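First the structure, which I've put down as structure tokens, then a few questions once you've had a look.
For clarity, chains are labelled A, B and C in written order, and residue numbers in each chain start from 1.
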């Protein structure tokens, strides 16, 4: 099952140079593409490699097209952004073979009487949906998911198997939640009385916009009093922790293992590398990019790229540098002492 | 649904200054409280803000009361610790509206013949309870949980949906386990023979005290031979990993993403910031506070606050400082060389 | 239920010095072993402690045997590697008491018509197995697991309760997956168009070899186009994240909370301490050992031990050292200035 190049370009745009009737079966990286594949050149450094590709057609930028045209005998699709075009083409090929889950509720699902499930939605085996929950049109809730009381799931949203989505939380349209994700668990809120913790009830919700993806085994706390907010287009990878009352701006992305403590306010169009950490009650403005393994311990009020991790070294070298780091103030004192001696000597010489 | 101020004070204590018959519907932060809410002043820095609050009543400390009394026209509840009082009041308001799950076993639950479930316990849809397990009075086991063979769940303990609690592990009274938590999974124990790992059976248990909360997607390993111990009042946030044979002292709290390697012995009343890490086979005494993102690589034998993470900087600055950190021993050598030259010169001059 | 020393040695090898008819009931650490236990001395530093053990028999190396023989009155089993022998003996004792799960499919499991389940396999309560999946001989799939379409589970592999194993992924023989593990979730792949993320379909698989253990709440992404590969004998602890298209070489072990970004290629016989992080698209050769909390940000092309974390200190000391780290380039400038002055002075003196 595949498509003709002409049909692809008609659907996704781009300028086709070559045979519109050529059948292609799928998309593959430059080196792995066979004669029935299309491939893509998203990085000009790979131009030479692209000429060696067996692909039937290449997706290229206008900037790379002259070079490719001179040395590549297959078809070309010239586009503004080859990587984005690749993503859309891959989505299209996937749609050709995807098995759409049948609408309806599996016989083993447990759906409360007052829950409202759209007729076009798919509810898999062993799903539990509590009273008052609402499942939108064409939503797909795979096996073993749990949907709490009065939760709202938007149209075309897909929960993979074994997602837990707690009471009163909401997610918009076209969201994807991966297995093991837990949305709306209690925030970590306690008052301390003589060393003993008294639980503060967590009565807020998690409110998630449209087009949000949440990774496997990621957890998002419900707000303590107000809500935790995840705006449109946010992408969260696996194993992430978002504390209560956080606010994550639209189109911000976080890689795996990131942790965000409670009440952090993060702007739009930010990115966080894997295992980056954000302390609570601070503000990060739009377009901030935090590197992997870096700890944000103060507010960041200026867009840009921020980093903070200890550089890796051979263990013996690290032992040495870490020992000095522990005593940096001693080193500073020694420099000060030297400066003072030099200054005294120089003054003496000058006098 | 709400309560009269008089009823609240009768139940929770504190000195009411104002109308005991005033109805309040709930609790809210200073800035968000409306005329039917009570609010609280737990930080004297917010005194001025408190005076602007629309709240019907304020919970205040004796120290702040004179200031508030002079400028706030609503009622006051004067208490020893406003934040603790807030927690208890919030619990009370929650109890007024909470829907208590009905006692009994859902028709789709699978309960082994020899398991003992208290008649007052609630067992949700799709729960599986294996042979010999014991579920205490008023325990609530939500949908999809798994309770292993001979496990023991204390009275009034609540498992949210999709908790996994393995064979022979025990938890006391009033515990809360959040979704995705896995208790009693095998510890990471292997013997290495010529590069190949031979599994060491993990035959210990996880023994958890009373009033313990465990967050979403947190995992606690069973002991290898002896047990992993979590004492009373411990609070663990989400995404935490506790290795086999750890011992965590009473009323210790850990924020999200903390990892504790095997056989660590942690004292009472400790706190661990988010993503703090503790290596195995070490000891941390009572009342140690470890900052977020900090790695405990040696025993800590003195109470206090400990920290260790690389400070965040703009990426270009970090690149510079990290390059120097890599070569700190060179810098130290240069200082030594300077000191030697100065010393020689000084001695020459003196001679 | 126990075994005679003679039977143990017949099964596992080693040279028995003592009564072959002695019954032992299990294995325990030196200090905890009672008169019906065997124990083991895997570290010569514990020789003196071993002499105090109440154990009926000790597993010792040839190197330690003379010392032990002189002071210990119980039996000895002299072996090449006491710790490996302990692991095997513990496995043997466990096998004596383990309750083998009965072959067959639980009445509440949902198994698709075209799935192939070996008659000797055990399928627990509430398991869901999708179309085309294959479950090998003697496999044990505990309650609540989800096995996706066309997935393949090898013989003697054990999934603990609530594992999610997605479509088309494969695992070999004798694997162990712990609760909450998610295999074959979508990788984190997006193209960015004007700030908005366009999802790249993740159509590869996760291919897992034989004798692989995967910990609780660990997630492994399926490949984007090609597959994610986990070779034979890999051991992954809890809370680990493996990105799409990673390749992890045979007999590599990772402790809890490790994160590996996409397309990292990791060699054989490596170890990663807890919370170590590996950036994407880099290469780590065989026999590399990365310390806990350390970030691998570049390829490692030489075997050895690598570390990189900020040393813990009392908070006040850390504040001081971190402030200097932020300004290390200033310190370097001051040293350069001193060197220049000294050099000038020396040259002047010499001229």
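As a working rule, a residue touches a chain if its C-beta (ideal position, glycine included) is under 8 Å from a C-beta of that chain, and two chains touch if they have at least 3 such contacts.
These are the chains along with the protein names UniProt gives them: A, B, C = UDP-3-O-acylglucosamine N-acyltransferase.
Everything numeric here is computed off the predicted structure, so don't read it as measured data.
Colleague: Would you mind reporting the rotation angle for the C-alpha fit of chain A onto chain B, rounded to the nearest 5 degrees?
Modeller: C-alpha superposition angle, chain A on chain B: 120 degrees.
Colleague: Over half shared or under half: which fits the residue numbers at the contact of copies chain B and chain C, same or different?
Modeller: Because under half of the interface numbers appear in both copies, chain C and chain B meet with different residues.
Colleague: Taking the mean of the CA coordinates per chain, how far is chain B from chain C in Å?
Modeller: It comes to 26 Å between the two C-alpha centres.
Colleague: Show the residues in chain A shared as contacts by 2 or more other chains, in ascending order.
Modeller: 108, 126, 144, 162, 180, 217, 239, 257, 275, 309-311, 313, 325, 331, 335, 338, 342, 345
Colleague: Using the touch rule from the top, collect the residues of chain B that touch chain C in their complex.
Modeller: 108, 110, 126, 128, 144, 146, 148-149, 162, 164, 166, 180, 182, 185-186, 188, 190-193, 195-201, 203, 217-219, 221, 225-226, 239, 241, 243, 257, 259, 261, 275, 277, 279, 290-291, 294-298, 304-311, 313, 317, 320-321, 324-325, 331, 334-335, 338, 341-342, 345
Colleague: Quick one: in the complex, what on chain A touches chain C?
Modeller: Result: residues 27-29, 32, 81, 83-84, 86-88, 90-91, 93-94, 99, 106, 108, 124-126, 142-144, 160-162, 176, 178-180, 213, 215-217, 233, 235, 237-239, 251, 253, 255-257, 269, 273-275, 292-293, 309-315, 318-319, 322-323, 325-329, 331-332, 335, 338-339, 342, 345-346 of chain A touch chain C.
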